[in-house]
Amino acid sequence: MSADIPLLSIREAFSRQFMRHFKALMGSPTDMANPLLFFFMVVTLFPMGLGPNPERLSVMAPGLLWVVALLSSLMVSSKLFGSDFEDGSLEQLAVAPYPLAILVMGEVSAHWLGTGLLLAVVSPLFGVMLGLPAHGLDVLFYSLVLGTVCLTLIGAIGSALTVSIRRGGLLMSLLVIPLNVPVLIFGNTAVSEAVSGGNPSTWLALLGGFAMGSLALVPIAISAALRVSLDN
Amino acid sequence: MGSPPWFFRFSGAVVRWLLPLTIGLLLLGAAWGLLVAPPDFRQGNSYRIIYVHVPAAVVALAGYYVMAFAGAVSLIWRIKMADVTMRAVAPVGAVLTAVALVTGAIWGKPTWGTWWVWDARITSMLILLFLYLGVIALFEAYENKTAAARACAVLSLVGTVNIPIIYKSVDWWYALHQPASIKFTGESAIDSSMLHPLLLMIGAFYCLFALTVLLNMRAELVWNHREASWLKQMVRNV
Amino acid sequence: MYFASLSALWHMDGHGFYVWLSYAVTFLPVAIMLWLPIRRQRQHWQWIAAEQRRIDSRRAEAPGE
Amino acid sequence: MALLTANNVAIERGGRRLLSGLRLSVESGDIWQLVGANGVGKTSLLRALAGVAKLGVSGQIKRDQPRLYLGDAHALKKNLSALDNLRCHPACDIHASDEAIFSALASLHLAGYEERPVGSLSAGQQRRVALTRLLLSQAPLWLLDEPFTALDVSGCDWLDAQIRSHVSAGGAVVYTSHQSSRFGALQQDIDLVHHVC
Amino acid sequence: MSADIPLLSIREAFSRQFMRHFKALMGSPTDMANPLLFFFMVVTLFPMGLGPNPERLSVMAPGLLWVVALLSSLMVSSKLFGSDFEDGSLEQLAVAPYPLAILVMGEVSAHWLGTGLLLAVVSPLFGVMLGLPAHGLDVLFYSLVLGTVCLTLIGAIGSALTVSIRRGGLLMSLLVIPLNVPVLIFGNTAVSEAVSGGNPSTWLALLGGFAMGSLALVPIAISAALRVSLDN
Amino acid sequence: MALLTANNVAIERGGRRLLSGLRLSVESGDIWQLVGANGVGKTSLLRALAGVAKLGVSGQIKRDQPRLYLGDAHALKKNLSALDNLRCHPACDIHASDEAIFSALASLHLAGYEERPVGSLSAGQQRRVALTRLLLSQAPLWLLDEPFTALDVSGCDWLDAQIRSHVSAGGAVVYTSHQSSRFGALQQDIDLVHHVC
């Protein structure tokens, strides 16, 4: 009986996980708008805190926008695998006859699409609101596309670990901060360079390299972390 | 009074003359503002944006109070019609707020040379938009629509208590940090040749608000009462 | 009319783009805002009418019921 | 043909050894019921057999790759519909067309509920959605943790029949339940009391 | 049989809810450490994003600290009633023979103690890290003590309104951020004033007034919102 | 003495009317079982009777204030111990000393598990913790939603005896279950099928 069971192609297994998570994330157009509004509001908070002085804001704009991106990615990723763990989806992923790393990447990509990429797409608007000069907007966009890939992947490791280890908060942040720092610095410098008329491409390349590296290595780390969590 | 059949008939009559009136007033005001009124001596022709910007802003603000009042009525007296009103006001208010923001931003480019400034009034308007969007998103998110209306009523009441505080605090915030380079408020000595079309346009936007709210309510009511005999009777008679 | 010609009206001393754009972003949403509920109500109305007709025709078919 | 063999399995949980010396060989056509009082370790054992839990488990467990495990938690996303939940089930063992899913749901009396968010179904209906996988998956080995819970009488009968036809088609089932011996002579029991440490 | 059933005093009912939530919070130190770690991380991130220029940082320190306090309070409040809803505690609270508003306030106070007050207590450390002048540290502390009361209460309304919604986390932030704007402004201005040698007491008084007002009104809103959520 | 009377109750859920025309008068000494297929509305009715749900409920429900409602969800905090969970139960109806709680837990075979986080207990053990409230609360009216779920045979017997002694002491019980008539002539059924709209 077991010989003739058809298997999905790895690609299809991936895309099913992707769809599952994407649909759960984006039930309706209103839901789709939620992360957007969230970013918008967080951006608004900074002028409220720092004062409306346009010159000062525009000097800080690259750094602020990048820190906001990092913070909000952190806030939305922190519960990435939480519901999967509670509702038993993780058990099922673990017994599925496909590499856990691939399946999990389906989920992570859906998450990135619905939050990271979206943030990057609307970021020029935020740039304008914070007074970022127009010639920095495209680099802001590119740097965030690449950067949110890294942030999401690293956040996913953190989430996988915190799902498992009850007291793992400290461990998670120790893991996540150092890994995120280069992303922040590369991205922020790329934008600052573009604004001040320098050449951002080196920094974008570094960011791209970091994203590639994460894409290659992080899935393995995530699946290892999730397996540990199931045994806890 | 307040019963759905009565309201449906009454609002039908109102809509019948309010619709042409509103469109007429809007076109008249727009033509007056664009074609007839003289240009401002400082800002030139860009000031003509005032005829859409200010009415939208004024009515959007008033709309929130209408919504919150409806919310209070719905919570205290459990009147279904108040739920429907609240539900109908939120999108209209949000659209008008967005219009005020966008036209303001467009106005900013020729006058200040920038699309966006964190001015007190602008910032308050942005927060008002967030408040409206919050109500809409909350309503959409609930599955049970009666519960949704009640939740939105709670939210809009909390918002109403808070709005004056928000406005005052944003004012203080701006006054404390106000940068010297931009001067925005205070030139309200407006010539009557410019004022009259503005007042007309504000009136037109109030009519527009009432009209769209009524239309939204009627559409909602028709659906909610699709099984009711009075509505079936009305459909049959048409 | 204040403006001498149509092109002056369109151009508005270089501010035409901003003025016309803001009128567009006002009146377009306003038009949609008016049209959507009217359309929605018409659709509901037609749905109810169709339902009525279906019920009526069923009654006509089975008069003894 | 043995679909699952366990040899000298011991299970440890929360720092305590629960069970030890467990042997089990599940052949095609078998129905095994894990029996024992609350807290004896049925769920823990089933998770070990399925390969979900590994860390506290010692001994050898050999199993055929495709198996269907159904735990306490249903692995259903509450805001997705039953249809979407089954289409994109995380176990990735469903290769059925949408029509097949529709008809499977219908045979569990869920016609009309296919497109509603699973969170708005009753307890028994949610379990029925989870059980629909039995019709759609082709795994020969079923590992079911208290599958009769929350089902009404007709639901239990349906599951009963399903298990019978599965084993008569050459599959095998290991399940836990507090009701004893639904399948009479067809089933074998392992009473975990004999393996408690 | 029913006549002789003893009732708890309102105070005792309150304190039981307080203990329940407090212990649950202490039981998972991760949850408690989260806002602190978040705070800490962000404080380290800003110098990286905005450049290490100490003067500029110290000018911005009050605003940054307050924005981050708001965000971390948001993060922890978003799940305030979530587990109560899922595990059925909310149903039980609703059938308890005591005013729901009181019972819920027991929970909210425990939450505030474990997150808000804690944040305020450690905030001087973070102030020092961002170069906040020493004479601003005590006002930072006071403003955060008062401010986190408001933030927690408003966050509780948001959480109560969105518990029954499946993807409510972000929505909650959307509802709450605009309502928190005055708190942010009062608190941040108090600290700025103290730093620049002005008089922070007006702003602290405003903050205190806001906290008092919230304490009086918010419990009613929360209990109404929770009842609605149970009916969804 | 009527502990609960319901008159002409109708229930609406998710925009659909589930039940209508329901009448029920629960007297001291009664055991009522709500009977019906999955999804018919037993849980919804019980929540309405308990006063948890209000919005979709029409008709009159009169009840004595103190009642003990036990739903699907146990209202237990997973990271608190059984002891703490009972000491500070959200229903606030437990006035017992710690010793009383210890001995109540022991009578449910949970001795030794009192101080462990409830999340690390088995499914049946968690339900036992939730049921311990029956021993500790003094409410005359019990409203229990599928209380026999996840219990082993001895657990079911315990609950059975508990219900019997409660009603013989003048209490009353309304419960749902998919097993029929545990209490023979002592109990009355309401089959919700007769009230489906």
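Letters A, B, C, D, E and F mark the chains in the order given here, with residues in each chain numbered from 1 onward.
Here, a contact is a pair of C-beta atoms (placed from the backbone, for glycine too) under 8 Å apart; a residue touches a chain by one contact, two chains touch by 3 or more.
Bear in mind the structure is a predicted one, so any value in this text is a computation, not a measurement.
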Quiz item: Shared touching chains for chain A and chain C?
Solution: B
Exercise. Tell me which chain's centre, taken as the mean of its C-alpha atoms, is farthest from chain A.
Key: F
Practice problem: Would you kindly tell me how far, in whole Å, the mean C-alpha position of chain E lies from that of chain B? | Solution: 32
Quiz prompt | Distance between chain centroids, defined by C-alpha means - chain B, chain F (Å) | solution = 50
Exercise. Please work out the Cα centroid separation of chain A and chain E, and write it as a whole number of Å.
Key: 26
Quiz item: What is the distance, in whole Å, between the centres of chain D and chain E, each centre taken as the mean of its C-alpha atoms?
Solution: 43
Quiz prompt | For chain D, residues that touch 2 or more chains besides their own | solution = 72, 78-79, 117, 120
Practice problem: Give me the residues of chain A that touch two or more other chains. | Solution: 24, 27, 31, 34, 37, 41, 44, 48, 51, 166
Quiz item: On chain C, where are the residues touching two or more other chains?
Solution: none
Quiz item: When you draw the chains as points and link the ones that touch, which shape shows up: line, ring, star, complete, or other?
Solution: other
Quiz item: Can you list every touching chain pair?
Solution: A-B, A-D, A-E, B-C, B-E, B-F, D-E, D-F, E-F
Quiz prompt | In the complex with chain F, residue positions of chain D that touch it | solution = 14, 36-39, 41-43, 72, 109, 113, 116, 120-125, 128, 146, 149-156, 178, 180
Exercise. Could you please specify the touching residues of chain B with respect to chain E in the complex?
Key: 75, 127, 130-131, 133-134, 137-138, 141-144, 146-148, 150-151, 154-155, 157-159, 161-162, 165-166, 168-170, 172-173, 176
Exercise. Quick one: which bits of chain F touch chain B in the complex? Just the residue numbers, please.
Key: 14-15, 55-56
Practice problem: Enumerate the contact residues on chain A facing chain E in the complex. | Solution: 24-25, 27, 31, 34-35, 37-38, 41-42, 44-46, 48-51, 60, 62-64, 66-67, 70-71, 74-76, 78-79, 162, 166-170, 173, 176-177, 180-181, 184-185, 188
Quiz prompt | In the complex with chain F, residue positions of chain E that touch it | solution = 1-2, 5-6, 8, 13, 16-17, 19-20, 23-24, 27-28, 83-84, 86-98, 103, 227-228, 230-231
